[in-house]
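In what follows, chain A forms one complex with chain B and a second complex with chain C.
Up next is the complex of A and B:
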């Protein structure tokens, strides 16, 4: 079936429409959302297998031939990210059943969530730079809804900031695309790459490269453009926070990965050097934040920023090893961050506070929660044999091989501090004297734990089975390292 | 205070139908010439807003008892459904089909699935515009 790669996009789209019609019946909504999310995981899995067996999949929408119409492209990187997205979406949907509250569910929570998944998957699978902008808008529009839904004071305040930042960055995005179009005269990403290699890297193209870095950096939260992130991600309830932290920033990272390996590869001395410096500062700032705060939400949010720095450092080094490491770490980080956000959602539901000093001794009464959190913390910090380790080893190896010793050393140091920052939560919150909390008996901890346990298990398996997964990652990295594979797949007869 | 809006109300009763007819014309014109579902939808919602201005929200709700959110969703269903129809024929997504069909009375007519897609756009635009107007237009 030639349309196969649109299915992971189409299923949430049609689900969202269906969910609008049954917005009054919350139970029906849950069933529809849950089943469709599960089907989508299966479909995305088949897509990964298909890309593995048959190479890059392309689809020329409306039957317009490649450089003229909009093309969807699923290479291994995009297929793997689509699979990860569907898994996280499924976990967040089933977590929402017991936690998000019936009021939000009635006011189009599930449709908005599904539309956001459409945007995220679309951004991962499009092969057209303007279409990428469109899918960014789709996911942003729905993220505004998810962020403000519930209408508490902090949500309203942060939503205004979030909308302002994103409206500005969207405007910049259109401007940058227009610049690029005026230089190369095409919007198809493969075709842009061909034209750019014919033109060579002139000054204007470096300007465009930096513009793109600013735009995607704003979405992804690299230094110094991460300023809005800790505030905005702090506001919404746990499942929304998990979706935002795991998916939205990573769309920005993916876009940087794509443009910096496909378009702007002719003056790496400038553009990639800039990316490297920024990514290292991002790591440092993130680590400082993660250690300094004693609010558990803030700690995890700053850990997002650390991870973004680590991934982008791998991209900026641009060796096959470091690219493979970046991809491996990207997927690892998406899964484990969403798991951690869901776990601290449970902690906050039990204790009613996110401040570390105000609760202790949780492990006595909730051993399942405690041990899941402990494993998640080890996975996040990258203790061998967990998955964070494999990715970081490759990135650091790539860094050392290309003689960026400082960067590699900082990443190694940051892992220790990341471990410290999450162990701080474990030691302060789970050890010590058990306390009683008002309203904790109402929290269905066992049912809530299902989703994070699924995610943490996948994460552990991802690390333990890295031998089995690695060929997939290598295939993805190969496409990034050799743009010609991507170009040949999209522009068949050119 | 009682406002004197006799002129506005009388004019609206006539002008409303002209605008709606024009929007239908624009909608169909969009196939080959400027126009289409988006502009047509905006014109129609313009007409409904004029009606709301001349009378009030309550009256308009009585005349047009639609749930505009469902209308937008129906529109999405039309647009998405037309696009997804290509899956059944195993041609690339969004590929449209057309052909000449002999309809009684009208005779030989060119039919195009893009019209159905456009109808979806029309419904989405009317639905979303009216939802916005109804949400921000009510004074509590």
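Up next is the complex of A and C:
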């Protein structure tokens, strides 16, 4: 069945449309959203196996030949990211049942969530640059709705800033596509890559490369363009925050990975050097933010920025090792960040505050929550048996082998400070004298814990079974390192 | 012709940037409108402004204008239309709830726990 790779996109899309019609029946909505999210995980899993066995899957929509129609492409990287997205979506949906509240659920919470998943999966699996723009808009538009849904003062205020930043970056995306179209005259990514290698890297292409870095950097939150992220991600409730933190910035990171390994590979001395410098400063800024705040949401938000820097450093080095490390770390980070956001959502629901100095002694009454958080913190920092370790080792190895010693050293130092920042939450919040908390009796902690425990378990298995997973990662890295594999798969007759 | 269009688009971007840096929320939204106008005109210009009839096969002319940028613009127009409508309603709601349209006063750090 050649249409298989469109299924992970189609399932949430049809679910979202269906859910619009039963918006007042909350129980039905929960069942439909939960079941469809679970089916999508299974479908995405089959897609990964299919790409593993049969190589890169392509689908020419309406059977138009490759450069003339829109092509959907599923190589190993995008298949793995689609699988990760569906797992996170499933966890956030079942967490939402007990936490988001009936009022939000009645006003199209689940349809908006499903449309956002459509946008994310579409952005991961498209092979056309303008189609990528459209899927970006799909996911951004639903993220505006999810961010403002509920209409509290802080949500209104932060949504204004978030929309403004994204309207500007979308206009820049249109401008960049216009420039690129006038240079190469095509929109299909594989075809653009062919045309660019025929042209060689002239000055205008370097300018377009930097323009793309600015656009995707605005979406992904790299150094001078991360300013909107701490405020905007602070506003929404926990499951929305988990979806944003895990998926939205990573779509920007994926787009940088794709364009910087497929399009702009002929003058790496300038473009990739720039990417490397920006990613290192991103790590430093993120670490400074993570240790400066004593607000648990802010600490995890700045840890997102650190991870983006680490992943992009691996991309900028461009050795097979560092690319494999980046992919491994990207998937690890998506899973564990959503897990951490869901866990601090529970902590905030219990204590009624996100400020570290205002509560202590949680482990006495909530040992399950405490130890899950402890394991999640170790996973995040990359302690050897867990999954953050392998990715970081490969990135640092790639950095040292290509003689970027400072970058490697800063990544190693950053892990230490990341560990300090999350352990600060554990020591101040979970140890100490037990207190009585405001929301204690109302919060169904056991039911809420299911979703983060699933995510942390997957994350631990991902680290422990890295031997088993590694062939998949290597296949993904091979496609990134040799764009000709991707081009041959898309433009078969050329 | 492309030179003239480039200058006009530059002026549009300049005005948009100026308006988006102001304090009033409504001016910012007008700025985003001008920015999307500039971006759409830029696609049309960068696709080439050569002479040719409209892209309809019934015309049976020897040369047509490039249809792809026109399709791209049409897509980008409806998307920016949707986003602008959402943004305007959001600004209205924010004015009702927060009682101000001055972005200087849209600050603060309290959470939504």
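Methods note: the second predicted complex is superposed on the first by the 494 of 494 C-alpha atoms of A that agree within 3 Å, B and C clash if a C-alpha of one lies under 4 Å from a C-alpha of the other, contacts with A are read in each partner's own complex, and residues count from 1 in each chain.
Rule of thumb we're sticking to: a residue touches a chain if its C-beta (ideal position, glycine included) is under 8 Å from a C-beta of that chain, and two chains touch if they have at least 3 such contacts.
Bear in mind the structure is a predicted one, so any value in this text is a computation, not a measurement.
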| item | value |
| --- | --- |
| Fit or clash between chain C and chain B when superposed on chain A | fit |
| Contacts of A:383 with chain B and chain C, given as first, second, both or neither | neither |
| Which superposed partner A:2 touches (first chain B, second chain C, both, neither) | first |
| Touching partner for A:474 - first (chain B), second (chain C), both, neither | neither |
| Which of chain B and chain C A:353 touches, first, second, both or neither | second |
| Which superposed partner A:181 touches (first chain B, second chain C, both, neither) | second |
| Which of chain B and chain C A:26 touches, first, second, both or neither | neither |
| Arrangement angle, chain B at one end, chain C at the other, chain A at the vertex (C-alpha, nearest 10°) | 40 |
| Superposition-derived comparison: chain B or chain C, residues of chain A touched | C |
| Touched partner set for A:281, first chain B, second chain C, both or neither | neither |
| Distance in angstrom between the closest Cα atoms of chain C and chain B, superposition on A | 7 |
| Contacting residues of chain A [partner chain C, same complex] | 130, 133-134, 137, 141, 144-145, 148, 150-157, 159-161, 163-164, 167-168, 170-171, 174-175, 177-179, 181-182, 187, 234-237, 295, 297, 348-349, 352-354 |
| Interface residues, chain B side, partner chain A - complex | 69-70, 72-73, 76-77, 80, 84, 86-87, 90-96 |
| Chain C residues touching chain A - in the complex, by the definition given at the top | 20, 25, 28, 32, 35-36, 38-40, 42-43, 45-48, 68-69, 72, 75-76, 79-80, 82-83, 86-87, 90-91, 93-94, 97-98, 103, 106-113 |
| Parts of chain A lying in touch with chain B, wherever the complex brings them together | 1-3, 6, 10, 13-14, 17, 20-21, 23, 59-63, 72 |
